[in-house]
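First the structure, then my questions, so here it is.
Order as written gives the chain letters A, B, C and D; numbering starts at 1 within each chain.
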Amino acid sequence: MSDANTTALAKALSSAMGEIHQRGWCDGTGGNFSCVLSQQPLRLLMAPSGVHKGSVAPRDLIQVDGEGHVLSGQGKASAETALHLEIIKVCGAGAVLHTHSQAGTLLSQWAIDQAAGGGRGALELKSLEMLKGLEGVKTHDCSVFVPALANDQDLSALSSRANPLLADAPHGLLIAGHGLYAWGRNLGSAMRHLEILEFLLEQRWRQLLLAAITAR
Amino acid sequence: MSDANTTALAKALSSAMGEIHQRGWCDGTGGNFSCVLSQQPLRLLMAPSGVHKGSVAPRDLIQVDGEGHVLSGQGKASAETALHLEIIKVCGAGAVLHTHSQAGTLLSQWAIDQAAGGGRGALELKSLEMLKGLEGVKTHDCSVFVPALANDQDLSALSSRANPLLADAPHGLLIAGHGLYAWGRNLGSAMRHLEILEFLLEQRWRQLLLAAITAR
Amino acid sequence: MSDANTTALAKALSSAMGEIHQRGWCDGTGGNFSCVLSQQPLRLLMAPSGVHKGSVAPRDLIQVDGEGHVLSGQGKASAETALHLEIIKVCGAGAVLHTHSQAGTLLSQWAIDQAAGGGRGALELKSLEMLKGLEGVKTHDCSVFVPALANDQDLSALSSRANPLLADAPHGLLIAGHGLYAWGRNLGSAMRHLEILEFLLEQRWRQLLLAAITAR
Amino acid sequence: MSDANTTALAKALSSAMGEIHQRGWCDGTGGNFSCVLSQQPLRLLMAPSGVHKGSVAPRDLIQVDGEGHVLSGQGKASAETALHLEIIKVCGAGAVLHTHSQAGTLLSQWAIDQAAGGGRGALELKSLEMLKGLEGVKTHDCSVFVPALANDQDLSALSSRANPLLADAPHGLLIAGHGLYAWGRNLGSAMRHLEILEFLLEQRWRQLLLAAITAR
């Protein structure tokens, strides 16, 4: 990718991170965000670890290779880079956006708690027009299952457990008590899927409350 | 309409869409928005299908005729154009704003679930001062019924089912699990009705919660 | 008041209205807002009736006398001007801010429903540090009662019923299913009381939910 | 600290206060915020008491010594300065941010109500990835206890009761019905801990609601 393209993508990613922080989806040092600069060899542009994602200037982004090593820029790559890379390799994603929202943190754990065990579950989203915002979904009249995994500080192990789930995932994966990974062909598509999935998570939360109060 | 008027309306519609996205009422590629440029022959200015409605520049809006065919601009007209046109024809609306809010998505489905069946229901809103923000309502001391229809990917069929309900609708129509259509004589009036109806939907949600916790 | 002072106050009031709309406290054409320009003779600067309060330029404000007649500017004075004037006369207020928030609309009605009848009630707020933001309150360890009245389209009658309650009111009055009137010595003080009371209303709502779920 | 450094810190603190108000965490005259200018002798930069914290210009901040006396600037130091100083002395904090959020106000009281008595309690936060945003926490798989104290208008007494709890506190302390104190090595670190703790408080609130509706 040319320097001009890298500069444009860095601006776009920095701006997206600012918007995402504005919405309360990456408070503190939470969340991480990456874009593919090139596929052959694999090069990512991403935020360094441990910084406030809402105020990262384009020049403060780092470049990382396909094994998660930093090629240029100040700072370390997050351990979560392993899962970004897994998603990029399995799904052909051009951008991965990982958020820590209220609904994502809550319902990811709930999905695991409802499941049979084994640290795996899924959140069902159904009969909602907004599902059509997910690439490949053509009607509201369907069920979409967002896979959920128990959290793990060993990102290599977590990525291995995620691997078999990614190909069928609706551009999103939940990690329990942690948050959402959303992705897409490029940054615009990943942002669209992120907004759609965060909307649907919040909607699912309201549906649970409504079901409880109308069940009396 | 003169070119100057078209330009002014395009700016106003683009700006309104930005505000609506800012409020979280059209995440992802959700929602659609149109203004009438001329009635004879019928010409609409609207957002193209499948784009992020919060960042459509005035020059990226398309012009559409009374059968939903694109006359100028890049991109396709949404299938939902059929329902925009139905509302414009039946109600004499000058602008139609279609949103996907949390409360609209939730309570539209609830209205259908509470109803006798047949894919039709209504949401009652009563004894609220904000009702007076709807054109024609002169007192808080009344009930307003927002009609609700089951969702359908066949927009022609959906528009036909909407037709008999539109003349009496309070400048708003709900589609279940989908969202709100709000309209008015012009863009300003439609925005006013949209803000009022979205406020009332959120209020109705809180009323349901309050009723549940005080019923014990 | 000099022209320069009027201009400065008009700017401050227009800006305050923009902020209040931004917070979702005066959607559609809801709410009304006034400042005292002079006490002898009584002159108010206020928003005209029926407009969107979030986008009123300083030059679009009207001047009104002590009987609610428009002295200058385009547009009508809201019928609610009667209650603004009542508050100004009884409480010596320099500014009155009337909002339609979610919590204010909901809990004003709840306060009436909980009361013995007669269209009067009160919302108790207690043991909260934020109470100290109300002028005259020196400790969190107290109860403050915000009076509430049933809504009435006859603003003259409503103002008469409000009259005996105003002197002891904590710079705030609730109208059921309608919203909050907050006031203060000047615009800054009224804004402070508005923010405090809206915070406390929202907090009271959360307290009710928490009490319900911990009562099991 | 040089004048240039003081100016830069004043700008950063004023800007942080604006952001905090924007999020609804210091409405009215609520909250207070301080930064350490020098440790030997101890000098704080902070907002004066009784003002709207969202609109304090850098030049309107006051300088305060280690006993809470104002050294320069207009206005009084808040009585709460005593608790800021206690935190700075015990924890070596470089900045203290004290907010009045909805969840902080509510759950601080709840923590006291759940406790055995004596005006002391703690809010447990566990198994959440966001805990790792607190300095020193390396895994989600742990419990963090935010200490809570009953509110008291005697800030000297309150500071004495806080003293034994501060060394082990997770960069945060709750005062019942009042709010959160968050701190860090410097302003950036304190802002990070504030965002993390406010996120976790809001999450705890949602967890309580979810537990109630799934317990049926």
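General observations
In this text, contacts are C-beta pairs under 8 Å (C-beta built on N, C-alpha and C of every residue); 3 or more make two chains touch, one makes a residue touch a chain.
All figures in this text were calculated on a predicted structure; none of them were measured in a lab.
Looking at chain A and chain B, no chain is in contact with each of them.
Residues touching across the chain A and chain D pair largely diverge in numbering: under half of the numbers involved belong to both copies. Inter-chain centre distance (chain A to chain C, centres taken as mean C-alpha positions): 43 Å.
One simple way to say how far apart two chains are is to compare their mean CA positions; for chain C and chain D this gives 31 Å.
Among the residues of chain D, those touching two or more other chains are numbered 209, 212. Put simply, chain D touches chain A in their complex at residues 127-130, 133, 138-141, 188, 191-193, 195-196, 198-199, 202-203, 206-207, 209-210, 212-214, 216. Against chain B, in their complex, chain C makes its touches with residues 24, 27-30, 52, 100, 102-103, 105-106, 109-110, 151, 153, 175, 177-179, 205, 208-209, 211-212, 215.
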